[in-house]
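Going by the order they are written in, the chains are A, B, C and D; count residues from 1 in each one.
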Amino acid sequence: MHLEASLLLHCPDVKGIVYEVSRFLFERGGNIIDAQQHREEMDNRFFMRVHFDASDMDAPQKSLRGELDTLSAQFDMKCRLQFSDERPKIAVMVSRYDHCLYDLLLRHRYGELHGDVGVIISNHPDLAAVAQHFEVDFHHFPMSGSLKAEAERRILDALKSYEIDLVVLARYMQILTPTLVDPYKNRIINVHHGFLPAFKGARPYHQAYEKGVKLIGATSHYVTADLDMGPIIEQASVPVKHSHSVEDLITMGRDIETQVLANAVKAHLDSRIMVSRDRTIVFD
Amino acid sequence: MHLEASLLLHCPDVKGIVYEVSRFLFERGGNIIDAQQHREEMDNRFFMRVHFDASDMDAPQKSLRGELDTLSAQFDMKCRLQFSDERPKIAVMVSRYDHCLYDLLLRHRYGELHGDVGVIISNHPDLAAVAQHFEVDFHHFPMSGSLKAEAERRILDALKSYEIDLVVLARYMQILTPTLVDPYKNRIINVHHGFLPAFKGARPYHQAYEKGVKLIGATSHYVTADLDMGPIIEQASVPVKHSHSVEDLITMGRDIETQVLANAVKAHLDSRIMVSRDRTIVFD
Amino acid sequence: MHLEASLLLHCPDVKGIVYEVSRFLFERGGNIIDAQQHREEMDNRFFMRVHFDASDMDAPQKSLRGELDTLSAQFDMKCRLQFSDERPKIAVMVSRYDHCLYDLLLRHRYGELHGDVGVIISNHPDLAAVAQHFEVDFHHFPMSGSLKAEAERRILDALKSYEIDLVVLARYMQILTPTLVDPYKNRIINVHHGFLPAFKGARPYHQAYEKGVKLIGATSHYVTADLDMGPIIEQASVPVKHSHSVEDLITMGRDIETQVLANAVKAHLDSRIMVSRDRTIVFD
Amino acid sequence: MHLEASLLLHCPDVKGIVYEVSRFLFERGGNIIDAQQHREEMDNRFFMRVHFDASDMDAPQKSLRGELDTLSAQFDMKCRLQFSDERPKIAVMVSRYDHCLYDLLLRHRYGELHGDVGVIISNHPDLAAVAQHFEVDFHHFPMSGSLKAEAERRILDALKSYEIDLVVLARYMQILTPTLVDPYKNRIINVHHGFLPAFKGARPYHQAYEKGVKLIGATSHYVTADLDMGPIIEQASVPVKHSHSVEDLITMGRDIETQVLANAVKAHLDSRIMVSRDRTIVFD
């Protein structure tokens, strides 16, 4: 049976890391297909992603994680290992806009995502029909005022019961509190319809229109407690003209929102992202 | 002799403006090649650019401006007329970076600019050799501390004596005071090496690097008394990655700086830009 | 009631066309919002699109077409007039790929299209569920060998009975014969998943991969009897690398296919396209 | 003293190559900064670029090439090693267009190129002043008819006497014969002002205009005996409209020609390109 795996690791930069990692895999029968490195000079750390063929390894899912501990200890390394036969579970959170939701569900169907959409969660009932069309569970947790804390607890329960690995905010129009953010650090991806760090907060297309910019942008990022401030994963832009109304910007924005969100979700699911000092390292 | 002209106008929006303008030109022997319009809903103004063949008109350079006054009065119109045989004079102001300067001088040589570079002004002597290579006058006005007011007066004198129509700040690393800004309102174009309104002020590539953005940008704009706040003319962006150092951003930035500055200068010289409420209307 | 209209026209280039057209509209109470022109030098023809406010005109839908005949005769003009309260009917033809179909149906739902999808026609039954989800009629006309002529007649009947104005081939994997092409000249839009005129015909992504190009493209165009040779409406490209497999190209291609097809459909429905000597004029 | 090196290698794909290469470097005191791999499935070959810190190695320039022979023999490997203190010598060949020449000379001055321009060679005398301005040797070898063979011999002599490693055809309007192509296989880079494989040969912008494409492109590639058919290194495109004349395409094309040529030259000088079955592998 063909089996591949991705190993993400980072540690203080010393000589011989690539050699020791490749030796570790070679001695266990792994074959490196592709490896990428990055040295962060400011804090002298080394980041690495190794994509290897594990087909000839002996029960790697059982043994490899344990054996990695020795290597990790030697280099003070943080590691994450993911096998190609594991399918991370995704929760998509939405409000009323459906373009990012359709886009993700279609990409899943086309086999573009290395994971599965386990559940769709919304603070509105409107998109239940989309969930039904794609045969995905849908939960509606109303969010008005006093219900917010209660709703977040129910969302957290749902994420646990669906064993969710990644939460995608696909134009979810609510601010998450630490109740949700903390347990899913660097595992919640949001799309902001503005060119962060410009145009934070509400109505970024209106802000862009008012300022008269000639490019509008969209940004996907990991969610932190600070609104629209988490590590940026992907950004895209599209040129605009004086003749475009705010409504035109909103229409044009949909296309780049879906693109930057999809690319961020794919990069996360492919184990290609690491975070260092609030900046992302996104390997190809 | 073949003669063309561009008429830029704006006025309160009422019915019949296009008709009256086309009648005005038709009755005088002009033939419209191309016209563009824009209605600014917020303040109900109408903006128009008419590009017409004036070859069959009777001494249009002499008569047309006077006759336009009647039409302008009727519609409370502001007009600007430019003939194809007029060559606006450009002053390029630089410090030590030369990439935008070379770019503009080469584009001038290739015939891309509807105007001529009359003089290069710098607060450093370094780029005199570039001016000489392209056979353009060069003036060095030192700018240190106490000399600033004096230098600006000498610059103003130079702009007047060279009969300058457009001032281009091609990575000029000094802030202009109202002494220079006021007399050349909407006639000074700057390039900022950041994605305005984000990353104003100094060292925008360092700011972008620190924030971990995935696109960097450059912005050309008319200069106002507020630093990096004037009406934006053109913006461009280029994707960046975690592996790019600040030096890489600076290198990649040069290419988009030259591009947005050149496009803004061309649009201005082609009489394709109008300003409304601190936003530009840039006709194609 | 607010009413707008678009007038597309072309004629031999003589002096005064803009004036006469604006006079024609002004005298009937129309107000030009926006007009665009193009002069084709090679055959000395003038092309124009006038977008005007017809709210104050007297029953323009009834009278205007007739009155235009006089103007047309004077300038030997071909005209097409479309009012904002008319909704062109679209037929979408598909096979098994659904990405362009979803994209068009969603854009329709978002109000991006000035027209309505009347029917979806396919040579396979697979996409009936998509039609049902968006509540659009679906017809399956099998296309195998001997059935082709029969199927095309039934398609033609369907197009007529649904009063279709525009046929969109959204990755329809059959070649149309003159039976269908001739009655819908410049009213059938196809998307080709290659950078025409390179990579015509079958499997363009495989061709691109083999050649080792560093950009792949997609092309939307009007359908003519010559396969993949009709007037090009829109093209887009995306950079590719040595590491991308043919499957990667297919995945990346989906995004540009939907984009170029949607933009072409919008431009057509907005009455922004004219065809001259097998080249399109696409006004903004 | 700080010293880095790049090792490019390819060989039949077997298990353990990354391990053996990293061991080879580790045992000699090298430290891998960055490594990239590519597996070409069609012919089961493995390609790798290793960028390593050689500062702590013992006289690596002297010893490493010899020691690599053993490793190469073991894996049937082809290797190329380049140290950061080596500066490849570039010859730029031009005719009368100067935009790519200025661009390369400026990038050299900005320190973007890991190499030095040793000589400029032209079949016309026109650009001698550019060479002089940048203080580079210039040789004029006239190319008319009967002189061609003689001129190519003199060019070959010049390339040898300047110890040229890379020949850049910066809009050189002559076809090279095998006299020049053969000795510099995969070491001559050309820029073609069209979107290869479309629009080969002469006047590609005229071809593009005639066909009515909506994107024009430029292509940099290694030169082979087949005109405009060598392995493509980089391509870029820019959108065009019906209103653009052939002259506009030529103007717009200059910007993408300089870009794709500069990027190809940089990639070559950084030892980031390998060629496999007429396709390039261009590592980041």
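Quick note on the criterion: a residue touches a chain if its C-beta (ideal position, glycine included) is under 8 Å from a C-beta of that chain, and two chains touch if they have at least 3 such contacts.
The structure displayed is predicted, hence computed values, not measured ones.
Ranking all chains by how far their C-alpha centres lie from the centre of chain D, first place goes to C. Comparing chain pairs A-B and B-D by the number of C-beta pairs in contact, the larger count belongs to A-B. Between chain B and chain C, two chains of identical sequence, the interface residue sets overlap for the most part, with shared numbers making up over half of the total. Between the Cα centres of chain B and chain D there is a gap of 37 Å. Centre to centre, using the average C-alpha position, chain A and chain B are separated by 42 Å.
Across the assembly, chain A contributes 38, 243, 284 as residues in contact with two or more other chains. By the touch criterion given at the top, residues 38, 195-198, 211-215, 217, 219, 231-237, 239, 241-243, 278-282 of chain C touch chain D in their complex.
Considering their complex, residues 98-99, 102, 106, 110, 112, 129, 133, 243, 251, 254-255, 259, 284 of chain C touch chain A. Partner chain D is touched in their complex by these residues of chain A: 15-19, 22-23, 25-26, 31-39, 56, 284.
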